Amino acid sequence: MSRERRWFPVCRGEEAVPRHIVHTALLGQELAVWRADDGTVNAWENRCPHRGVRLSVGTNLGDRLKCRYHGWTYASGSGQCLERPAHPGEAPPRIVKARRFGCVESDGYVWVRLAGEGAGDGPAPGFGRGTAPPGLTLRSIHVWAPAAAVADALARHAGEAPDGSPAEAVDPYTVRSAHAEAGEILYAMQPVADDETIIHAALAEAPPASERIAVLRRENGRVCALRDAIEASGSP
Amino acid sequence: MIRLYDYVLSGNCYKIRLLLSLLGLEWETRWIDFHPKREHKSEWFLGLNPLGQVPVLEDGDFRLRDAQAILVYLAAKHDERGRWYPAGDPRTLGEIAQWLAFADGITATASAARLHDGIFFELDADRARAGANAPFRVLDEHLWFQEQEGREWLCAPGHPTIADLACFPYVALSEEGGVSRLPYPAIRRWTDRVKRIPGFIPMSGVLVA
Amino acid sequence: MAEPDPILVNDWHAVVELDFLASRGSFETVLLGVPIEIAESGEGSGEVRVSRRDTHAPLPARIRYGHVFTSIGQPNRDIVHFPECHEADRIHVTGGSIAVHVSGLRAVENFLDMGHFPFVHTDYLGVEPHTEVEPYEVTVTEEDEILATKCRFFQPLASPSADGGMMVDYEYRVARPYTVCLYKSNPIEPERWDFIVLFVQPVSEERCIAHPYLSYLAHNLDNETNRWFMQLIFAQDKPILENQLPKRLPLDPRAEVPARSDASSLSYRRWLAAQGVTYGAIPAAA
């Protein structure tokens, strides 16, 4: 299975806020991820086709994204260039388009893959729990380490299950653990670049509303401690 | 008349311009040739500020140095609604003081790397860059949890304070020092919010939202 | 990293601003990948020494346009001559050298570009909805320089001496691969030009230092005002340049998608390829 054809989470859906552009990367490919006012989420190559300026420093106008350099705009969905302000009133050639990647929203996250059509390789976008979405999505944590090292550390240390059973590496980018306090936790790696990973994590069951913030803080602290240990161990 | 001794590419000077603008105040500018002539280290300027740093503010016969101190003074004196520095709210004042000190940590790291990379300051830029990641992680985590509690700003009130203005410039300029904000999505959302405060003005290098 | 092209090695490059050197006494920098040092020879003598920091070999030094120029090869032509920089009713000042993490060729191309004024220099050199780039003429002269003429653009605050918006006439000239200048109509004497030259120091293929030199008609201007305006403007370009991917300039015409307004950029890329410049560029596939 090619990594390029696999779906990876790139951000929590609610963090693709209106009129904002998320700057992230997948397998070394920089992405501009943005939500249109109608709810559509776009994942584009982070580069204006005109002069190569990162689209993530541009402006999300609600139905189009505007490049910072010359004001060229690109339509949500199609990526079609709509305006080149140096030539007002003149339709841009059809071939001028932002480069788009496959992008879906599922289980509270935005999932992207760099290549492929249709169902493609590997698991469907999501945590693979069928119709039951996660109860609570946690804070995503950025780590200066390769995805394999991060997944390995999570599988070894994240478990601490009541019966002593270790966490389970579902596949090279997914870890499932059962924790005494939190219950089942799903971790999905976003391989940002060779030495850079974001850990996305979700609880299977939602805690009572009164405990939500405390649970978020506790799990955030747990993953940050693991991050610090991974980085201190001098992973390449 | 308020007079600001100012350098056009200084983030610490910019935060004063930003607050003056947000408060609707008028001021006069004395531009300091910080680069290339290092006028901030000239004898006459050291007479104004023995630390040889911009900004310096004069309001009538009162003179003040240090960007964070100037923010406190201007907000306390000129903000009639008492929002930027809420004098009667001890908790918020404590939070603000905490973030003003934190801003100096950003200056010592992210801003130092920028001065090295852009205008040739002699310092250990790799160390400064690495050093910026510690405060940025703290800031990103704080802002993420603020969002979880429905808050948009650094401190508890439902409006921005001088804490946001103090921390904003050298965060927004960090990439000029080689510090990417890709790892800090909550910081990126917060900088967008700061840029949308009514009356916001940019500086060169800070892109408007 | 590619070896620098002979045309660049055997040419003069600005490497430090005199006002900056005076505040430090000596300065270490890098030219075409070669570490060099510039030092004042003696107090007030006006002389400077330039040497390689790796081999300690001395390098030639010239002082012109408020900067020290040097070469890491055998210069086979003089530093470009700009007559405007010697006219007595102008004020002549360096703008404050600024390092940029991008190929110097990208910086030159940006200097030639009018279309970005409303978006990057908003309320100064341009403002929406005045975004149109009218057709202009680009030629390669007998001296093998690029000349763009009949350029016009609406500017709200074209220069420190401007008082409100106006249509400004421009001419652009690329004199060397890393040296570009512009002539723009003066707000007070519209029949004469203000002049700015940008000497770009190729530090590496992906880093440069921009050394601006300004010769503005003197009308009520002073060095300090010109300098802050130049730094204000150039520092608006800096984050754009540093967000360009890739950092080197692609010479393959299919690598990026130009419009008619990019005529000077297209000409510059073709000219670079014809001159055999590859340093700081991504050459087109053969």
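By written order: A, B and C. Residues from 1 in each chain.
Here is the rule we use: contacts are C-beta pairs under 8 Å (C-beta built on N, C-alpha and C of every residue); 3 or more make two chains touch, one makes a residue touch a chain.
Computed from a predicted model, the values in this text were never measured in an experiment.
K.L.:
Between A-B and A-C, flag the pair that has more C-beta pairs in contact.
P.N.:
Counting C-beta pairs in contact for A-B and A-C gives the edge to A-C.
K.L.:
Suppose chain centres are the mean of their C-alpha atoms. Which chain sits farthest from chain A?
P.N.:
Between chain A and the rest, the longest centre separation is with C.
K.L.:
When you average C-alpha coordinates per chain, which one falls nearest the overall C-alpha average? Tell me, please.
P.N.:
B
K.L.:
Just how far, in Å, is the C-alpha centre of chain B from the one of chain A?
P.N.:
Averaging C-alpha atoms per chain gives centres 31 Å apart.
K.L.:
In whole angstrom, how far does the Cα centroid of chain A sit from the Cα centroid of chain C?
P.N.:
40
K.L.:
Residues touching two or more other chains, restricted to chain B: which are they?
P.N.:
In chain B, 207 touch at least two other chains.
K.L.:
Indicate the residues of chain A shared as contacts by at least two other chains.
P.N.:
Residue numbers touching two or more other chains: 57, 68.
K.L.:
Where in chain C do residues touch two or more of the other chains?
P.N.:
Where chain C meets two or more other chains at a single residue, that happens at 239, 243.
K.L.:
Show me the residue ranges of chain A that touch chain B in the complex, using the header's touch definition.
P.N.:
Against chain B, the touching part of chain A is residues 11, 15, 17, 19-20, 22-25, 57, 59, 68, 139-140, 142, 192, 196, 198, 212-213, 216-217, 220, 224.
K.L.:
If we count contacts the way the header does, which residues on chain C are in touch with chain A in the complex?
P.N.:
Residues of chain C touching chain A: 114-116, 118-120, 128-129, 131-133, 239-240, 243-246, 250, 256-261.
K.L.:
Can you tell me which positions in chain B touch chain A when the two form their complex?
P.N.:
Interface residues on the chain B side: 141, 144-145, 148-149, 181-186, 188-189, 192, 207, 209.
K.L.:
Hey, which residues of chain C end up touching chain B in the complex?
P.N.:
Those residues of chain C that touch chain B are 17, 19-20, 22-23, 27, 29, 94, 96-99, 101, 122, 224-225, 227-228, 231-236, 238-239, 242-243.
K.L.:
With touch defined as at the start, can you tell me which chain B residues reach chain C in the complex?
P.N.:
Against chain C, the touching part of chain B is residues 8-9, 31, 33, 35-38, 41, 117-120, 175-176, 178, 204-205, 207-208.
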